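Pasting a structure here, questions to come.
For clarity, chains are labelled A, B, C and D in written order, and residue numbers in each chain start from 1.
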């Protein structure tokens, strides 16, 4: 394989204007079926039900992460910074491009219910018998392992890991800009060009030149706003709850020996926990939505109602409340049960704080089990480093904020119909006057 | 049903910033399952395989057409123009919102192969037993027919038709801006706010105040550029050819009694020409892509290869040529056949001129059978009208341009493998040296 | 005078796209010579020496404030909110348009040195013999007083004052967006359309619907960033220091009976404190720059050097330091004096905290003598008001920040030349090694 | 002088986001007083009286031309195109930066009346005793001549000339984008990044790769629109006429021995045709506006009225007409004279076709005396060149368009006052009914 393409290729991209591909290896990776499959998986899961523009795919995001990484490295090379190991460029670009290759349809919900992990799938897709593995090996037999090591953060050159995974990495920079663009909210925009100019490779990590502090503040404010305006939007949460309930119901029915009138092998294997890599790669959002459309006619009323709701966007409503005590919670469940609903499927308390997305919180380990990304460091003079929240009042203030509120989600129509059958405190809770 | 919503609702939209809903009727229409289904149908069909950002749906476009129509009417009402019949506002808004409700997945290809027409489906969805029909009737029993009449251009108030369907209607204005935004090309942007300001209702049609001529020129140039840069892009054409060949092959196999290992009722009825409205509404792009994924494992090699190509984006290549004479055409087909390919599926000549999209061509009836939209008229003084291409050199020049070129599409891989078996003129034609 | 223009007029504006004028009174005010004069006064004073795009005038800003006010009022009227007194619309629009009419060239510097106040001049221009006064009186004899009362915050309808002058008024919204646009920094952008949607007239003030809290946060962050990135930029501060020194020197020379080889009456009267309204209106930035160009050849070396520096943008350099103690300060002055410089003109300590611009600080009265603007209130339900910093962690954190640093400004060239004559601690302070 | 700056400098620029300076020579040139003086000369002359945002200076445009040139050359060098002579980079950058250095205030009007030429002044500033000359010479004694030769199009490497001066050069690309940005019209935007990607150095000229044809079409349409929407706007034309009349009147008065109550040496020397380089560099728009403010009180009624009009933006109105025959022209002049006006100053026929700006017209030499810029060539394959209007219908159509209309400009107020004294045909012509 030749290293450089005879002529640079470009993709038109609304966020970065153009995405430039200069290496044959990158071009070949993009053209694998596993990478093309990312076109059929939305970047923001169910957010398109809240923000109708948010229909963009993980394919476009992956190209974007690649492009930002390419720009950072170009800048490092052009400036001749000694801290950047030039021979790692292509490994870094591959890792940037492929870091999300293991994502499946509606990943967060599926991972919750079926206990799969997209990171694990990413490694398998890199290392097992796939077109991606073949392309990487053809270039260099060590590449599958090296790229996987960067993504798993075990690579021997920590600076390469830092590029792809840190509190201000190419991944986050692309998704904030891209999600802002496609949702149409303008909270997520920040000055990417300026941030790229102030990044420096320094002793195995990417740090920020001190003069870039305000640009980093702006980036972190964008993150903060995007989380609370977009990623944690209650309508999106509601649709994710419906989605999860569908999967939970399907799993429960399957476990109980239910005979689905419609099923496809990859989905069945997902549900029964016997999925292999070929099946996993056959899963996409088209298949999931087709299943929901078919299941909307299943005899099981819980499953068919949930599927119908998802397709027609008749989502659960919510009320905001303080953390409910055990007594109240039991009252609510009893009331739901008393009017013929199913408390396990028709009720859910959501507290967006402990979601898969997490806001910048250096040094805290509050959401246990979740590995913390290294903090953002400012570089003063030649080699004085300081953690940004020690320098910026704004960052310090964001650091401590989590803002979670308890939301109780439920189907409004049946409650309205049976309102007179419910106790007064429950009627009040759901504003059913 | 109350006419006005107690509080205005908004949708965040990247193109218009916000879309404002003020009427209960509009809100109810948006929440029908038929309208929500438009979320599962892409606005630009297969263009996302060329421009990866172009993943936006007909749902967002339909809201956009509604919003532009709402803005035009607001402007007419605010200015108190006598030519606008105020009582038609809500009918016009419904027609704007619902004008694309009959579209199915990858409409153009499906209509070509199965001879359905989305306009006909639109009328059926408005007039038969659907949620949309119920919502319209509940508001006013005459509304289904009135809205259908506007969309079918038979309405008694021609100015309402003109709003929704003309050479510079709300539909086109939205799709140019929206497609430009999501593809990321900036050819399609024009000054919408200025155009809205120069529109005038005049004797049953929407005309343009003379001082807006340059804004119209700019709009028409955007159209011209979008057609040749986006809508007619050869890579998009290639993917549409593959799509059409898949449908053609499935129809042929079905006609020959082939036993598909995977099929779903709505699709089967589409193929056998027995589709009813319930089936039609069950068709969406998810179902089509799921079918392709299943058919990629069908025993029929032509069908499975085409499906695999579509999913993995291994499209046909093309060469540009003069119009081939019959002799050359037969030579090409023979050569294709001689190396074991199937000329009906592995070859297609495309001449984008006679496509479903059409460039502004007032007064020409060259693409017979295709109804012409009325031309754009400039209003000078109180009531002097003149057709714009008689006034603008630029418009005159675009009017005569069609720029079509013959492209011959074919699968490159098998030709490369068997190149030495082909005659010299064929090798030269396909640049197989 | 007819109230409405026969046809709406528009100005093309880069920030708001178009500015709409519908009232004859507004049109006539714009065409007065006093208003046209604002074209010759830059909105951001000397900032163009730091951000070369920032050459926009107070004329464009004044139109922008008018336009935002017009949009807010239109929204109030369209929604029929009871808290808005409809008969005040035109007074409010006049006040918005004219609120900066009293500004002179490089206002802040001139006001510092010559103790004039643009607010006082605004009132005089409204109330004395000017074209503006004549236009207002012709419309309604009470208008000059009423408009002046709004601008002076003594008007009997406090909500009108609140529109034009509060912590989130039309003035600030326009200048943040406009200054961001023309400097090219993108920190200053926020979602104006969303903010306009959540404003409500409520008991004599403009408040914000609770659901708009995040939009207000974003607006305040823009403010914060613009202050520290643009308004307090050290290079801009340096040019303002030079400017002030020029005026101080001219005043000192004049007081000493110096015979300027070039002088014009309005400037002379400004310097001698005898300026009347006619002279004041004759002052513009063209005249000031022409004076500086002439004075660059004055025999007085301090004055000519300062003028040359301003014109050629050879500004003072600065060092950041802790607050200097009296001893150090005397050392610095002595050192400056010892090499033939003039400590009163060639040294200045600047602490941007106490600048004419002030960051949102509700309830603090730290910069004494400076009237505080009322805080931003959130409206929950029908009439529960709460101050925003009690609700938003982000706003609370910004509220306490002032970030001022001491900067010592000085001319670098003569210090470099005489470095070896200076004591070691002074050399170190100025980094003259 | 060291070649490279120790650290890259940037200017924040609204059009290009950042402007990058990497060479000490460029940095030093920017800091000369002659270059800084361009901050006091507006890029678009009097256009700010039509488009209030258009207050940007030649300083910002010059930086922009430099930046586009830098990007083109970077692209050439990165791609290693053989047609680009690497050793010419710095000369090209200097020429790009300095190509407008000879512009004075309101150049076109001043050149018309006083017969100076900014190109000639550019050469003198490069070659005579100026800071710019000193900086260039310090770098390389041959540089003043070399840079001047590029700007005068006599340089021995034609490709360097082509970069800075052709039908699609860095100058035009910057001013279209910049003028569109600051006026706020969006006609002038085109895809700069795409155009930069398709430029190729080829046999001593810059040509365009064939696949870039549509991007060039879009650029030329932008040009066309900007000319007719912005550069030839009748209100701007009116203000230029007033300006030119002021200069003509001052020259006439001076020739007649009139004793100006206010005058400054550089202006006086300009008027008497005795201006030298020091005086020329002292001319800026501040001085001209200050002169007009002073002359608004001159006893000569023609001069004072014209100056007052300019400052207060009370411009001449216009009527559109066919080319007037000699008889009508004399009638108009007589009528003007009969009511006490001065036909030489209160009447002007304008036909914008023969203006200093010219639309793309390859091969025509219609505006005699005006040198034609070389056409745009498309490169197919390795070395087949074709002129673009032979390939593009759109370009061909623009090529033949000039659209000029005769406009008759006049002061409306005195004509309205004396309407009843004028003959009927004159009243009709001026619509004085």
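The criterion applied here is as follows: contacts are C-beta pairs under 8 Å (C-beta built on N, C-alpha and C of every residue); 3 or more make two chains touch, one makes a residue touch a chain.
For clarity, every value in this text was computed on a predicted model and none was experimentally measured.
Asks: Which chain's centre, taken as the mean of its Cα atoms, is farthest from the centre of chain B?
Replies: Farthest from chain B by mean C-alpha position: C.
Asks: For the chain pairs B-C and B-D, which is connected through the larger number of C-beta pairs in contact?
Replies: So, comparing the two chain pairs, more contacts are at B-D.
Asks: Where does the A-D interface recur among B-C, A-C or C-D, taking recurrence as more than half of the contact pairs being identical by residue number?
Replies: More than half of the contact pairs of A-D reappear in B-C.
Asks: So the centre of each chain is just the mean of its C-alpha atoms; given that, what is the distance between chain A and chain B in Å?
Replies: 32
Asks: How many angstrom lie between the CA centroids of chain B and chain D, rounded to a whole number?
Replies: 44
Asks: What whole-Å value do you get for the distance between chain B and chain C if each is reduced to the mean of its CA atoms?
Replies: Taking the average C-alpha coordinate of chain B and of chain C, the gap between them is 51 Å.
Asks: Which chain C residues sit where two or more other chains touch them?
Replies: 17, 185
Asks: Which residues of chain C touch chain A once you look at their complex with the stated criterion?
Replies: The touching residues are 185-187, 189-191, 214, 217-218, 221, 224-225, 228-229, 393-394, 396-398, 400-401, 403.
Asks: Looking at the complex, which residues from chain B come into contact with chain A?
Replies: 11-15, 17, 31-33, 36-37, 39-40, 48-49, 51-53, 55-57, 59-60, 63, 181-185, 264, 282, 284-290, 293-294, 311-314
Asks: What residues of chain B sit close enough to touch chain C in their complex?
Replies: Going through chain B, the ones touching chain C are 8, 10, 17-18, 79, 193-194, 197.
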